[in-house]
Amino acid sequence: MQIDYAAVAPELVLTGALCIVLVVDLVLPDNRKGLIMPVSLLGVAGTLLALLALAGDPTRTTLGGMFVVDSFAVTLKILFCVAALLTLAMSYDYLRKEGIHQGEFYFLLLCSLLGMLTIASSRDLLPIFVSLELVSVPAFVLAGLQKIDVKSNEAALKFFLFSILSTAVMLFGMSLIYGITGTTNLAEIAVRLAATPVLRSIAVLSVFFVVVGFGFKISAFPFQWWVPDTYEGSPVPVAAFLSVASKTAGFVGLLQIMFIAFHGLADVWRPFIAAVAILTMTFGNLVALTQRHIVRLLAYSSIGQAGYILLPLAVVNVNGGSVNHEAFAASIAYLLIYAFMEMGAFSVAVAYGREGGYFIDDYAGLGYRAPGLAVVMTVFLFSLAGIPPLAGWAAKLFIFRAVIDGHEYWLAVAMAVNTVIALFYYAKVVRRMFFEPAGDGPLGVKVPLLLQATIAVSTVMVLLVGILPDLAAHLARMSTLV
Amino acid sequence: MPVAWVLILSSFLFSVGIYGVLARRNAVLVLMSIELMLNAANINFVVFNLLLHSISYIGQVFALFIITIAAAELGVGLAIVILIFRNRSTVSIDEVSLMKW
Amino acid sequence: MDFLAHWGLTLSVFLPIVGAALIAFTPKEQEKTIKFLSLAFTFLPLVVGVLLLRVYHIGMTGMQLETNRSWIPSIGARYHVGIDGISLPLLELTLLVTFLCAIYSLKWLPEPHNPKGFLALMLLLETGMAGTFIALDLVLFFIFWELVLVPMYFMIGLWGGPRREYAAIKFFLYTLFGSVFMLLGFLALYFRASPHTFDVLQLQRIGPSLPSGIQNLIFLGMGIGFAIKVPMWPFHTWLPDAHTEAPTVGSVLLAAILLKMGTYGFLRISIPIMPHAARTYAPLIGALAVIAIVYAALNCLAQTDLKRLIAFSSVGHMGFVMLGIATLTQIGVNAAVFGMVAHGVITGMLFFIAGSIHERYHTREIPQLGGMALRLPILGGLLAFTAIASLGLPGLAGFWGEVLALLSSYNPLSALSSHTFRVYMVAGGIGTVLTAGYLLWMIQRVNLGKVPAQWEGKKLVDVQPLEMVAWAPLLLLTLGLGLFPRLIFDVTTHSVIGLTKLLGG
Amino acid sequence: MQQVVFGIVAALIVFAAVRLVTTRNLVHGALYLLAVLAGAAILFLLFLAEFVAWVQVLVYIGAVVVLLLFGLMLTRAPIGNMALDSQTRPLAAVVSLAIFGITSTIVWKTFKGQTVHFSKPNTVDTLGRAIFSQYVLPFEIVSVVLLAALVGAVVLARKEE
Amino acid sequence: MRSVAWLIPVFPLLAFFLIVFFGKRMPRKGHEIGILAIAASLVVALGVFFQQIAHSDQVYERSVTWFRFGDGGRFVELGMHIDGLAAVMFVVVCTVSLLVQIYSTEYMRDDVRYTWYYACLSLFTGSMLNLVIANNLIQMLIGWEGVGVASYLLIGHWFEERANSNAGLKAFITTRIGDVGFMFGIFVLFWAAGSFNIAHITSVVASGGVARGTLTWAAILLFCGAIGKSAQVPLQVWLPDAMAGPTPVSALIHAATMVVAGVYLVARMYGVFHASPAALNEVAIIGAITMVMAAGLALVQDDIKKVLAYSTISQLAYMVAALGVGAYTASVFHIWTHAWFKALLFLGAGSVAHAVHSFSMNDMGGLRKQMPTTFKTYVIGSLALAGIFPLAGFWSKDDIINGAYHSARAGSSVGWFVFLAALLTAFLTAAYVARMVALTFYGKPRYDPEHVHPHESPKAMTIPLVFLAFMAIFSGFLGLPGKLNLFAGWVRFGDVEHSFNLALDAFSTVLALSGLYLGWTIFKLHRVNIDLAKSPLAWFYKLLQRRYYFDDLYFNGIVHPVAGPIARAAYWTNQKILDAVINFAGTATVALGRFVYRDIDQQIIDGGVNGLAQGAGAAGNGLKFWQTGNVQIYAAGLFVGIAVFVGVFLIRG
């Protein structure tokens, strides 16, 4: 059983980088710990290069048929790497100031990244489960890395408990699936389910239990309780990483399972996903109205956004066809755009957090004190709200398009109302920044170089995709599994 | 032997695990209850593997991996619990609720 | 010359945004260069706009100067712009009024003094507005439609009056609510069209064949979006707040052009694509329009703030425009387009005057003003002239729009019941009397009477040369359109005939 | 014969599980967990999965339980009995019963017909060959997970100097 | 000459723009431009007039398309329509306007807005001439509203006092109500006949192309415009208040030109009116009622201008009633004559007031010695108004009474009603005329000598008076009854009018003379006007002592019931009901506006929207508290969610 090394190259490079980082951390004395970041940066860049080399190729399967590298996998792996790069750049200065163990931070980050890469390529329940764990375990530690800060400990505990709880439920679900179909390969499951008609009730139960695992990851409604506390407690770059990368990993897992394995049972779980999506977005947006802490606000807003991404799943129909294709592409496109918006917003929160503070009141009069930062934050917030000509509107347009294509008009109306509610709290921050007199906050915020780079990249991407949405749309349509 | 009995046993274990997680105040006990739930899944996998003996043996492989992953998680979990204990000298989950609303 | 034919429109729309970018990069201190840039980048599009006139053939129906490039191939949205008799006057109006605002802003800028931000936003606003009138692709239309929101939000929010924050967020949420439903309508239309397309012209061919039930639903969705922007009666409460709190230039642009985007939406998208739904909803639109006329007039009688009074008056005038559209006849639609341009010119002028009164008296409370004709004869004269034009004195611009709307309302499209529309005509007539009432009463309280004690000693400067330069075109247009309505009607008649043909008019 | 053995072991497991979640003494809790795990191991043997059984015994009972005991000891849990139930007890009971009811009925309805017949157990080498041929990817991933868990646990639990 | 007739309205309009821009810098501050322009228009008007008389049966019409607003017949044109009626009106408007402008040079000499006054005068004259010349209804509407605005500006000329600007506003709004009716009339005719052109409409109506119902509707609506502009009941309240403007303005606008526009409209569209008898009857009835009521009111006024104002309403009612009963030529002839003597009276009153610095007749009296020319011309004017034999009033008023009598004989009950009203009004007119002259020029001077020393007005004011007196005398001879009737030749509708009826003329003259005598004897002898405030009994008692039985009978029989209660009742109704209703309408609308704005707009609609916003906020707050911070509650939430979801989907099956 020879292995197609080209396909596995990115993962190999990353694992190599992983180990080097561990060893370098061992060797370097404390005051030189800063050097580790460039090494990990190089590692991720290497993985990215390997991925880009794979970009155009036809689908390859290796490692016993488990590891599939198709356009879907490559696109999302690239997204993960970019998110990791941004997080690394964002956290470099943050870690030095907060006195967090840098060596371990980068090592764990890369481990989590590796987990994400593998989940994108795995088409079987077992590797999906294990990759999910590889994404989560380092994340628990990252969340709790600010050991002296009690909140960080609490964040880690809550994150940990909730995560292993939902994993246990997912495993139970997977065992039932295995029981019914006798296989864990997604495509195989679909075939078996189609072949032997199975009782509705067991189908509902098992699908639901499996979805719980991913529901937790993407902060869907009944499973999102942990999000605000964990984001607020953990270091902000970790919160950013969780809200973008690990949420996307959750979606990747969910999309694969729903679209490949269970699309036969679509009639069963479609209304349920629709209900979850609507509840998620409404809960996220409504509670966000009342938040005063910027990270908590972004947490709730990310719950709202998760609701939007979930929506296309509610229009999947049993016999496939263009509707599924459009829905899948819409979700992917939204994920691509969402990553940059969210990353940007968090990086501004990090940039201003240290000097000004993390409460929205501290943002008062930012427009006068640091106009550049304020304008950029407005760009990200209004993009999240979906105002053209920023990327957010294109993302929302694709979702609207997919949902209306699926003839679920009332879902579209619900989302429309949600966008209006959402605008209110995004505008609340903008209002605080521009319409209020310059408070006593610091004049002229000094933003470290790397952080400026992250913000610049995110802004350029948000504006570019806003004007030419086809960049995201084309990439998304090309990389659908269905 | 009808497989249903085994499955009922595992769902019972699963439910007891859930009760343990929701009702027990001490974090370590919560961890134990979660082990229970994982074992329930394991039993399922093994019994299904036997039931579907003719087709595949994935069940057992899956069970193996669950056991290893459970061990890894438990390690990290305990580390977190100890960290909290060291900072707040309490392990009961009720008091660990600084961040709300 | 064919360069102009192909790219003239795009040039005239995107020059301002280039200007905005340049201003964004010039440092805050060099106010001179900023002002010069804003002037240049509003004048250039106007020049291009005028050159377009030469290339545009008056007599031809259908779209001209079209540019059709692919933009988002994956969802089939194209960059398709073009212009016809209905959108040309509105585009020219936009370019002209913004240029005049740029001139006015050379000297008078609202508090807090930040010309860089203000002028950049104004240019961005111009692109949004001009773009809406030339877009022929639903997605492009939606982008330009929403592009207008953010600059206006900041204009009201940053440089507005005491309750600016409330007014700004109210404006933003109201319009966003409308535009989101409009987007749903666009997408529903997109999917109903057999070769999925966002292109307005193709949709016009496919539209009528849609089942009437669907047409009504989509028309309603879009209708809400456009109605909020017009603003039609129940959705108008954002306008008075936005106007009272907006800075002078802000409310001039808001009144002169932003309101027209709603009515233009009806004319360009809702009615030609869904004629059946247009016929079913026409009486309702007519009713709301007439309610708006009388309701606004009554409200004006109760106003004490001059700008709020003018805001309500523009709700009334837009009521006449919508009445013209509701009749779905050639005369009605022609009257509507003329009414739009005339209202833009007159109300723009009124807001300029209200702004300059505020500059001098530092208050807009009518009870405190008085005897302005004695202290500021020229400004008083202009206020009287514009107010009289606004109440529809024949021979001035305001008259033709209203009179022809009422004329067409006497005899609407054959499918519509003429009795209801005659009731609308009578109500509209009563509206004109009330309009005359509150406007002249306002003139009496502001212009006439003795000068109140508080202004005795104060030094009040009359109209300054720069103000005159900014206002002269508007005044000339008010008189010119009144005496030579041919300027507008010749351009619009052919396109309107084309439009009403679709309705079986 | 297998039914009899299963009956006994099942009873043991049920009793131990219930006692685990209701005992007032922490250490007893750990011991009951040990009992459950041992019962599970016997079941695995019963179901002809010796390797998994032995792994269960080694890893779970050997390592995990010991780890938990260390955990209890380190967090200086009082040996005596202590109110270990939080105020959410009634809610927890209701929820767990509901879920048990739902899952057991559904499972019963689906699988009531099928019976298990014990044939020859598959040997360890087939299992081994399977892991390293078809399931080599999860194996690699699990190794990284363990590494990450290791580093993470050390970082978190280490005493800051 | 007729081909350049379009110059007539253009000269004054041009003058308006010139005065506005260059007036201030002219040596005499603008009035020379005004006078020059109107003089030029007068010359052209006379040329057109004589050319029109030469071939009076031809109508001269030229027009150019102004703009198209739809395909086919949808266009508006600018044009001129010259016929006898128009020619007559040109001469009247231009002459009176010229005289008033000359008169104003003196009257308004030191006014603060002298130039603006002349600008408005030119604007007014230009609009009026445009109204007269128009060959289509839209151009007429433009002139119509232009005249309305000019009168608003002129009435409110001294806008320092709120009363003046109120009067202007009231005038404009009341006429605007009428204008809306006029506009609707235009729409009905446009859709019925397919175009705005008057000639085309009349021909379509004549050929029976329009249904009877629509025709009546159109006629009534057009008449609404006339009611508004010519101050007929119920919209006549604005004319007396319009006296707040300068007197020359009243002379020009509220005597000769603007108020006549309503009558001119009915005359111009007579084809439409003629075709619907119902409309004609209505016109006649309105005319008759207004005629009597206004005459009554004139009887009890103290302010000289108010007397003349009500007298104008009454005379206008004459013209309207005449049209109502079909006496087309008589009505137009009355316009012609009335313009001269009413302008004369107004200017005369102006010169008196100029001398006495007050318009109230209480502080006048005995002015005939100090102001001989004004006195003489004023008497001529009054007698003409009263309709005494050789003067213009007699011929035109009798023509109308003849017409009314003729239609009454022809069997129309409305004809009788108008005939009786005409006779009664003739008598009342004579009465209030005599009273007015007596109070102003005879009796003891009631002004206090130190401040007021009345002297004859300067030349610029007296010359127009003399000229107008000349016209008051000789303008009548154009319309001699019977074959000699030149005027009928110029202006007629259909066939020539009926013959001269000596008996009727004699009777109306007797009536007028008795009215004069009555007024004279009562007021002249007792030097005290009917002082409504003091109780009438004291006066009544003194009267009895001095007069023999004959006078007593006379008084109790006719004068007292007429002069006393009826007049007072008429005045009371006018003030309390009609005027009050219009004022009430104004204040009520403002109150309604305030209610609509404060309660409906702010509370319900705006409140609703804000309510929604608060609702969302409250929901957010509610949900926020689910986030208790305790992980177990979260986990419980998770499993409750699972239980609920799976349960629901199982039940739903």
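Going by the order they are written in, the chains are A, B, C, D and E; count residues from 1 in each one.
Following the convention adopted for this analysis, a contact is a pair of C-beta atoms (placed from the backbone, for glycine too) under 8 Å apart; a residue touches a chain by one contact, two chains touch by 3 or more.
Note that the structure is a prediction, hence the values are computed from the model and not measured.
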Message: Tell me the chain pair with the top count of C-beta pairs in contact.
response: B-D
Task: Compute per-chain Cα centres, compare each with the mean of all protein Cα atoms, and return the closest chain.
output: C
- prompt: Which chain lies the greatest distance away from chain E when centres are computed from Cα atoms alone?
  reply: D
Euclidean distance of C-alpha centroids - chain C vs chain E, Å: 39
- prompt: If you average the Cα atoms of chain B and of chain D to get two centres, how far apart are those centres in Å?
  reply: 6
Field: Mean-CA-position distance for chain E and chain A (Å)
entry: 80
Field: Where chain A and chain B are represented by their mean Cα positions, the distance between them in whole Å
entry: 26
Residues of chain E engaged with two or more neighbouring chains: 613, 624, 627, 629, 631-633, 635-636, 639-640, 642, 646, 650
- line: Among chain D residues, those touching two or more other chains are 86, 88, 91-92, 95-96, 99, 102-103, 106-107, 111, 135, 138, 142, 145, 148-149, 152-153, 155-156
- line: By the touch definition above, chain C meets two or more other chains at residues 173
Task: Sort out which chains touch which and give me every pair.
output: A-B, A-C, A-D, A-E, B-D, B-E, C-E, D-E
- line: Residue positions on chain B within touch of chain E in the complex are 18, 21-22, 93-94, 96-101
Statement: Seen from chain D, its contact residues with chain E in the complex are 86, 88, 91-92, 95-96, 98-99, 102, 106
Field: In the complex with chain B, residue positions of chain A that touch it
entry: 126, 129-130, 133, 137, 140-141, 144, 147-148, 150-151, 153-158, 160-161, 164-165, 167-169, 171-172, 174-176, 178-179, 182-184, 228-229, 232-233, 290
Interfacial residue positions of chain C with respect to chain A in the complex: 71-75, 139, 142-143, 146-147, 149-150, 153-154, 157-158, 164-165, 168-169, 172-173, 176-177, 180-181, 183-184, 187-188, 190-191
Query: For the complex, which residues does chain B have touching chain A?
result: 7, 10, 14, 17, 21, 27, 30, 34, 37-38, 40-41, 44-45, 48, 51-52, 55-56, 58-59, 61-62, 65-66, 69, 72-73, 76-77, 79-81, 83-84, 87-88, 93, 96-101
